[in-house]
């Protein structure tokens, strides 16, 4: 009898752990989604540079998360309710790696690798906003510190049992804790770098179209694909009702986001704008992420629709502010993240004014910390190593100046 | 004791539901497969248009399936054996979303989202056949009605317990119920639109080559990848013997389809035709879909081989009929779907003349309904809004006329 | 009570089998990874040829593995400790396909399809090294015999219970048994074919850059993605501690491989070389494969780092030897495979001089057999059908001479 009970528990554990493994793989492939999207929405003379960054960043993210990030984000019980904690360098599994301190449904190794796949996202989001003009080496330094230190500390505040968790803030899978963290870094970088040459001329906004819409589309579909793991894995078990509800809310918000951006951009520009629809899908996904476990079907559709519509409005707004974000990363991840986090106070099981206050506090505290961290770091790099390539390099493209190669050497491109 | 029994049942449910979640994700990514394949096999001046359609269609498919499709396809017991039923607007889960009315192996939400991912496929198949000349807005109206109404009604006839199910018709994962439904719509659209300008000139068939074979290849591999969920998920549980057999029959049919098309096209054209081999893989996949749960290894190879060979023959046939299908969608999905559905009467556990009659009845009834639905709908659009862009727009490409942008603005293309 | 016990066992079996199904799908998509990587790293005039080969090879691999490969690789008990065995033509499941002879955790069908997805890899690796100059038909004959006969025999020596297994050789997921098998074939082919026209001129190495870095990057990410199934599935069950450890070691080795290649190539070439970083990821993955189940975190990082660094050194070495390998397949799969296999004797649970000897014996025996098999086979083809296209065909590109089509007909390419 006891033996059977043990066997049942082992199998249950195996099933939950299995889902988390699959979710890990799905979050991993989001890095290819980001790479494809960012490369597709920028010029072909900077494609190698973008692919290089987006290959090195997840690699760096995994290594730093193993070294310090995981220990900063989940420092353990002593730091509950606090702002900062550190469980020591490196990974410290039990003898067999079976014991996760925080989640009874999976192993220590699963805990690390699932969380580790999220980490690099913070820098990948920044990468899009600073594309086509940032120095590679400075960006790699920024990314390492932002992913290795800033992201896990902000994450600890909520998911690691820190003060935001203690104060009722709720962010299911990271509208704020992941996407806005990236978005604030993106905003700081875009401000300090300044716009790309020729983007704002004589009071007009000059479009600099992305070089490959198929690549951008592949990127968005891969991100949606990976989001099933990002949100679905954030259930932290294979609980059937919870995971399947998350799939429904996530998918419907993405779908509604496409329509939100489609209709808004058609109303504003009188054309069927593919890049807006693609970013609208992402806006819907970012927005539903904070409450994907507790929204009804109509609420999910509404949150996603607004998330998609807001992307269009925000893209126009930041362009008016002359904050140049080549791929719309700030509009998608920061604006969408704020909206989604607020929506948890307005819709779903937790709706209410107390929750709105908690949500605003979380948005504000994370915003102040991350924006300040990113701004100071970028500023320090600016006055030391420099963060912007020189005019000629920017004109010629970063692929030549930083990488000495072309992304498409066989094809004739329009002269730059 | 009772407690352990409950625990075992919960874990079994979790495992089955988990597989259905994974299958859902796999079917989702087929939409990227369709987008890539269709974009790759058409001209670069229409690429944005294709990507736009293939992003909006799955979004629309999920939303309409939530609103009416799911209720039309699975109206519940009262409509058993019938032609039509409707369970009411929107989704109606039980209190916890745990109870699926039709499948004890997973939740209501899983039921909806797995089925919902299939729905848009019907319109995506049509999209390929009408590419490069259809008006975007008319196509979106067609798609919404075809996916929201026609597809779920035909689906109800078999999977929703309707009259085809009652009469012994068998279609495991949708050779007829999904692929032919799409194929009939594609045929109606291609006929009513007429061929692309310059395709048939002075009695000759002029090739209009696709602009990116890598994109087309990515599409086919993603479709094969997703088919593990399409067919494997149609087991409707994680039953080990059933799912693994489906993986084997599906993969061997796809492999044999590649060789069927390779050999047939070599015999006919004396060259190693990549686009035929790619479509041959799909022809094999479509063909095995109706009986993937009950074929032996040699039967799977045979069904797939013939499916692949038929694609080549059908492509030539439709060109002779001057029915212009830029990506071969009718040959793959309609011809392959009919062949695969018939094969259930010829091979496998159900083989026999009675089954052949049932299969023919299903093929015929679905064909008459869907072709008529699509024809009337396209015809109504033709005489009202119009369905075809004007000559100049077609010449210049739909990317400019419908979307005001280029898919590859950095590259020099051959003049059009 | 007995009934519950049976139910628990069935559910456990379902969970293990489910993971192996997912792993099968992941290994499948590696074929798209190989196709994308190889196409991206070669010239656009040979892209259709590469896509054609990499579509036909997995199809052929599945069919030959069903016909003879599986029976050669897992011939059953009578051949234990031996060099060769054969269980008969075709597949022979029990009545319900539930019984796998070798693995209690999954079905016969799962056993076949998981192993079958690996098989074609051996030829796909060769494909990269012989690209841009080999005759299609000769390569298909080579691939069929190499995948159908050579690979499963070498595989039987270790995984089928043959003499290497009996002598303590250890290769967890195939650094030697899969990657080096492919690598030896690649070396034999590259030697017998000779370098591409113009590659080595007047004592200088002329770079022939790949035509699409996005395609190459997509390929590497898909390979990493698939490697979670390649290594994770090699646990042969969903054992939570084992699979999750494998995910961690595999990911960290890949990440470290990126840095190993980044730093080494920067030191050698003073530039940030994307193709080296991409191959470095693969070098790290190949290297960890032999011991992914038993390395610590620092060991995994070290093995991956060296694997990535070795790729850079090996690419330079083979170029100096005038062995022309367009995609670096020999450096990644042969050199990385040897290093990873040796590392099992140096690090991890089995470290020790006895193990080093066993590892060297395995590396040597597999190397002698596979290199000889490939060399004799390529040589026979060379003196009969010929293996190299003529100069004009090579100059014009294989897409035209072998396939009568272009990969990118809409784009203007630099004159060849």
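Going by the order they are written in, the chains are A, B and C; count residues from 1 in each one.
Here is the rule we go by: a residue touches a chain if its C-beta (ideal position, glycine included) is under 8 Å from a C-beta of that chain, and two chains touch if they have at least 3 such contacts.
Everything numeric here is computed off the predicted structure, so don't read it as measured data.
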Should the pattern of chain-chain touching be classed as line, ring, star, complete or other? complete
Taking all residue numbers at the chain A/chain C interface, are over half used by both copies (same) or under half (different)? different
Quick one: chain A and chain C, Cα centre-to-centre, how many Å? 33
Sequence positions of chain C contacting 2 or more other chains: 1, 4, 8, 11, 15, 18, 22, 212, 218, 408, 411-412
If you look only at chain A, which of its residues touch chain C in the complex? 1, 4, 7-8, 10-11, 13-15, 17-18, 21-22, 24-25, 28-29, 31-32, 35-36, 39, 47-48, 51-52, 54-56, 58-60, 62-63, 66, 90-91, 96-98, 106-110, 112-113, 116, 136, 212, 215, 218, 402-412
Could you list, by residue number, the parts of chain C that touch chain A in their complex? 1, 4-5, 8-9, 11-12, 15-16, 18-19, 22, 26, 43-45, 209-214, 217-218, 220-222, 224-225, 228, 232, 238-241, 243-245, 247-248, 251-252, 254-256, 258-259, 262, 271-275, 277-278, 281, 297-298, 301, 408, 411-414
